[in-house]
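A quick write-up on the structure given underneath.
The first chain written gets the first letter, and so on, giving A, B, C and D; residue counts start at 1 in each chain.
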Amino acid sequence: MSETTGNLLKGIIPPMVTPLSSQDEIDRGGLKKLIEHLIAGGVHGLFILGTTGEAPALSYRLRYDLVQQVCKQVRKRVPIYVGITDTAFTESVKLSHFACEQGADALVVAPPYYLPVGQAELIEYFEHLVSELPLPLVLYNMPGCTKVIIEPNTVLRVAEMPGIIGLKDSSANMLYFNQVKQMVAIRPDFKILIGPEELLAEALVFGADGGVSGGANMFPRLYVDLYEAAVARRAEDVKILYEIILKISATIYSTGHHSSNVVKGIKCILSLMGICDDFMAEPFHRFRAAERAIIKKHLNNILEILSRTIL
Amino acid sequence: MSETTGNLLKGIIPPMVTPLSSQDEIDRGGLKKLIEHLIAGGVHGLFILGTTGEAPALSYRLRYDLVQQVCKQVRKRVPIYVGITDTAFTESVKLSHFACEQGADALVVAPPYYLPVGQAELIEYFEHLVSELPLPLVLYNMPGCTKVIIEPNTVLRVAEMPGIIGLKDSSANMLYFNQVKQMVAIRPDFKILIGPEELLAEALVFGADGGVSGGANMFPRLYVDLYEAAVARRAEDVKILYEIILKISATIYSTGHHSSNVVKGIKCILSLMGICDDFMAEPFHRFRAAERAIIKKHLNNILEILSRTIL
Amino acid sequence: MSETTGNLLKGIIPPMVTPLSSQDEIDRGGLKKLIEHLIAGGVHGLFILGTTGEAPALSYRLRYDLVQQVCKQVRKRVPIYVGITDTAFTESVKLSHFACEQGADALVVAPPYYLPVGQAELIEYFEHLVSELPLPLVLYNMPGCTKVIIEPNTVLRVAEMPGIIGLKDSSANMLYFNQVKQMVAIRPDFKILIGPEELLAEALVFGADGGVSGGANMFPRLYVDLYEAAVARRAEDVKILYEIILKISATIYSTGHHSSNVVKGIKCILSLMGICDDFMAEPFHRFRAAERAIIKKHLNNILEILSRTIL
Amino acid sequence: MSETTGNLLKGIIPPMVTPLSSQDEIDRGGLKKLIEHLIAGGVHGLFILGTTGEAPALSYRLRYDLVQQVCKQVRKRVPIYVGITDTAFTESVKLSHFACEQGADALVVAPPYYLPVGQAELIEYFEHLVSELPLPLVLYNMPGCTKVIIEPNTVLRVAEMPGIIGLKDSSANMLYFNQVKQMVAIRPDFKILIGPEELLAEALVFGADGGVSGGANMFPRLYVDLYEAAVARRAEDVKILYEIILKISATIYSTGHHSSNVVKGIKCILSLMGICDDFMAEPFHRFRAAERAIIKKHLNNILEILSRTIL
C-alpha cells in the first residue's frame, strides 16, 4: 500500500469518471490526462468504478482493464479505491483480488442492488464478503441506486468487522449522516466521507473526514481548497469556495432532465476542456449539441469566477 | 426454434429457480429433476435467469453454464426464455448470442437497474439493444427491482421495434396492466403476461395471454389448470383454483420478513419435495430450521387441499 | 334507516361530487339535478363528502349544509353514506351526530391524514371513534391521500369492533384488496367495495360487494349495468361495459396533468351535460377552455359508444 | 405588531406544543407556564398551531381559543406566528382574520394536504390566499405531512407576492434547503428558517436566519445559545451545544416507534418538568408508563450534561 490504513479516507477523493471511446473501449489517452489532471489538482486519492465511473454499465473485461491502467498510471502517488459493488458476490470477490494484485489500496462496496435486501441479510452478506477480501473496505451508502439504506445500526455492527475502515454516504440525507457520525464517534479510526458535493461544506465543518465529490473530476483544486480551508477553520474561505460549488450544481448539473445528468455534465466539461472523450456507456448517451452549448456557457462562467477568486 | 413466434408467450411460463449446491455451482441433479417436474406439470415454457432465478446474483460463468444445461435437458420440448437483464449492455448482448447458439427461443429484458434511467433514455437503449439481438425479445416491467417503470407510452413505442413480442408485467399494479393492455389492443400479436400470481386469475379472465408464476415451480399443474379453466371460461373452476394459489401466497410466501422470502419459500418447498437443493446465492440465505418447519406445515396443508380438489 | 344494515354496501355507490357555485356556496339547483340523475340511473346509494366530493376543501358550514340538502332531496330512496374523515377527532364525531339526525344511513372514515399515524395508534383511534358514533361505519383505505395504509391485520382487528360494516379500498393495489378479501372471508357480513373504477370488473367478478366509482356521477347506468352483469355472471357483457369504463379513464381522466384531474374531468362533464356547475374549491380550479374543449370531444365519443352498445 | 416586519423571522422560534387537559380542552395553567418558560428562555418568537402544536388534530373552537389565550399571555413581548394551514381555504382565511384581531404578528401556511396538489395549482392557490390575508405570511415546506414539496421555482414565484416574508423548511432535505437559499439570495428580506433541529447548526452556520426547533419547547436556552454562538461565529461553542441537541434527538425523540414520537417525547418532558399536561389529541396518545420511565432517564441525563456545560 502507498499509505498506512490510518492515512486512508481523508480529503477529496474524486469518484473518477471512466473515459470511454466507445461502448466497450477505454479512451486510454483521456484516462492518462484525467489522472494527471486530478493528481496535479492535489486530490487525496482516486475512487474508480463507482456510480460516477459508470461501473455497473461497463463490461467485466473493461473493468479489469481500467483497474490495471489506473494503477499503472498512478504509480502509488495517491491511494486508489476500487468499487467492487456487484449483485454477484463471486464477481465482487474476484475483482477485489485483481485490484489487490494491481496495487490498489482499498475497496468500496454498496449493497447488492437488484432484489432489495433486508438489514439482517445485509449484515450477513458483509460478514461473508469481508472474510474473502484482501484489502480494507469502505461501506458505500447509496440508497438512490441500491434501494437499500445501510441503517445506522447496521453500520455500527459492520464497523466492528475486521478491515472495515469507513463509510461513504451518498444518501443526501444529512439526518442520516449526523446520526451515523454520532453513533461511530466512539471509533475515531472509522472515517466518514460525504458523497453529494452540495453538502460538502456542512459535512466537513461538522466533522466529515473528506468528500467523494464528482465535481472534483473537473476542478480538483477547488474542492481540495475547500477541504483545506475547512480543516484550517477558515470559515470565510469555506463559504466563498462553497458558493462556487453550489453554482456548479445549479448550472452544470441542472442541465437536462435525468438523474444521469450529473455524469453527463462532468464528462461534457472534461471533453470541452480537452481532457477526455464524453462517450457514455449504455443506457446513457452523451449530451447532444444543444445541451453541450449550454454546458459550454456554464463552463466559461465558472472559469471566470474561479479566475477572480482569491482567498 | 421449437415453436413459431406466434406460439410464444402463451400459458404458464414459470420463472425457474436456479438450483445451486453452493455459491458458484449448479445443483445439476436438482436442475434435471426440476425441469422434468415442470414439463410433466404441463408448463408452456421455461423462463430462466429471471428474478426468481436469482440471475443478478450468479457469476457470469454460472449463467452461461445454466443456459447450456437447461437447453440440453429441455430438448425443444417447450420454449426457453432467457433473461438477459443487465446493467452492462455488452454483457446482455454477449449472453443473448450464447443463448441463441444453445437453442433458446426468446430473450427477456428489464431496464438496466443501477442509476435510474429516464423514459427517453430507455427508448434509445431498447432501440440499440434490439438491433444487436439474435432472438425475439420480451420486455420485463419490474419497477420494484429496477426502480424504473416502462411507462405505457414507452411500451407502445418499443412495441413497434422489430423482434419485440410482448411484455411481462411484474409491477403488481393492475392499473398499469389494464392501461398497457388497452393501449396495445391494436397489436394482437403483442402478448402480455402477468407476473404476480396473486393477480393471475384477474389478468387471465380479462385478457392476459399467460402468467409467469413463481409458484408454478412447486405446483405446475395447479397453475396450468387455472390457465386452462380461464381459457375455457370455466369461472367456477378458476375461483376454486385461485383460492389455493392465494393460500400459497398467504402462507408460504408470508413466512419470514424480507422481499427475498418468495424465492426462499419456493426453494424450501422444492427441497422438502426432494426436487433440488435450497441453497441461495448471496446476499440471501436459505431458510433456517425454524422457518423450514413452518414451511413444511404449510406444504402439507397445501398438498392436502390439492388432493381433495376435484374440478 | 332506509335499509337494514344487511342491505348496506352493495352495488354502485357513487362518491358524489359537490356542486358548488363559489368557494363557499352550494350550487343548490345543480345538487338537486345531480341527485335525481343518480337515482334515475339506478345507483344503490350515495357517498357524500368523500375525496371526489372535495370534502376536506369545504368549510365546515358548507359540509353541514350539504348533508342537510342531500338527505332532504333523497328522501330515503337510497342509503346515504357520509364521509367524516378529519384530522380532528372532535369534528368527526360532531358531524356524525348531525348526519344521523338528518337521516343518513352510515358513515365513512379514512385515517387522520396529517402527521402519519402508526398501525397501533390507528387501532386505538378507531376504537375511540367507534364508541362515539351513532351510525354504522365503513373503513376507507386511501393511502394516496392519507399516507397511511390500513394494513390487512388492522382491518381484521377493527372489523371486530361493533358497528364496523365494511371497507372501501381506494389503494389501487389489487394485492392488498385480495389479501383483505381473503382475510375477512370468515366474516360474510363484512363488505368490501372497490374504489378505482379501473379495477371494478376484476373486483366484482372475484367477489367485491360493490364499487365506489367516480364515473358513476356522469354515467350511473353504465356502472350499474356492469354491476348487474357481474352479479348475473354475464362475462361477455361485463367485458363490453368495462371497455367503455376503461375508455373513460383513458380519455376524460387523462386530460391535464394533476391528480385532481379526475374530479375536474367529472365536474366538467356534468357541466357540459347541464347538470351542475363545475366550480372547484381551492386549491383546485376547474378546467379552462382548452381542456374543456378536449373533454367535450371525449364526452361526445363516449356518448356515441354508449348509444350503440346493446347487451 | 410588536416588531417591524424586518425583524420577523430571526432566531429561535419554537413550534409551541398545545397543552391539553383533554381532547377538546386547553390546559390553561400549563399554557401560561409554558409561555413564560419559553420567553424566560430567550426565544425570539412563538409559532403556534403548527405540526408540533397538533393543529390539525384540534377542533376549530379550540384553535380559536388557543390563539386568544396565547396573544393575551404574550402581551407583545415576542412576535406570534399563527399556523393557518388547512385543507379548506375558507377556514384558513377566517382564522387569519381572527389571529390578526387578537394581535398576532404573522401567519404560517403549508400546502393543503389531502389530495396532492400540483405546482401550478399551488402557485394559484397561494396567489388567491395571499390576497385575502391581513398579516405577513411565511411559507411552510413540510412534504412529510403534506405530500407536496414547494419546489424551489415555486418558492421563487411565490416570494414575489406581497406579504410573503420567508420560508420555514421542514423537509429535512439539505439539498433543497441549499437550493432555495441560493435562489432567493437576491432577496435578502426573504428569510429562511430550518425546521429539523438535527440540521440546525449546519443551517445557521451556512446562512439560515433561524430555526423552528421543537426541542426549544423543553430547553429554550440551549437553542438560543446555539443561535447566538452561530451568529457570533463561535464555531467551537456551536459544536459543543449541537452535540447536546443531537443527543436529545438520539434519546428523547428515538423513544417509541411512530412519527408522533417527537411530540410525545416533548410533551412527556414538559410534564416531567411540571410545566404542562402531556395529553395528546387523537389519533395520538401520550406515552405510557414504560416509555415515560425511559424518557425520565433521558431527561436526567440531558439535565446533567446541561449543568456541566460551560461555554
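To be clear about the criterion, a residue touches a chain if its C-beta (ideal position, glycine included) is under 8 Å from a C-beta of that chain, and two chains touch if they have at least 3 such contacts.
Being a predicted model, the structure only gives us computed values, none of them experimental.
Asks: State which chains count as neighbours of chain B and simultaneously of chain C.
Replies: Of all the chains present, none is in contact with both chain B and chain C.
Asks: Between chain B and chain D, what distance separates the C-alpha centroids? Give it in angstrom.
Replies: 51
Asks: Need the CA-centroid distance for the pair chain A / chain B, whole Å please.
Replies: 36
Asks: Which chain A residues sit where two or more other chains touch them?
Replies: There are none in chain A.
Asks: Run through the chains and report each pair that touches.
Replies: Touching chain pairs, listed by label, come out as A-B, A-D, B-C, C-D.
Asks: Which of the residues in chain A come into contact with chain B in the complex?
Replies: 23-24, 51, 56-60, 62, 87-91, 94, 111-118, 120-122, 124-125, 128-129, 144-145, 147, 257-260, 263, 281-285
Asks: Mind pulling up the chain C residues that touch chain B in the complex?
Replies: 172-175, 178-179, 182-183, 196, 198-199, 201-202, 205-206, 233, 235, 239, 242, 246-247, 250
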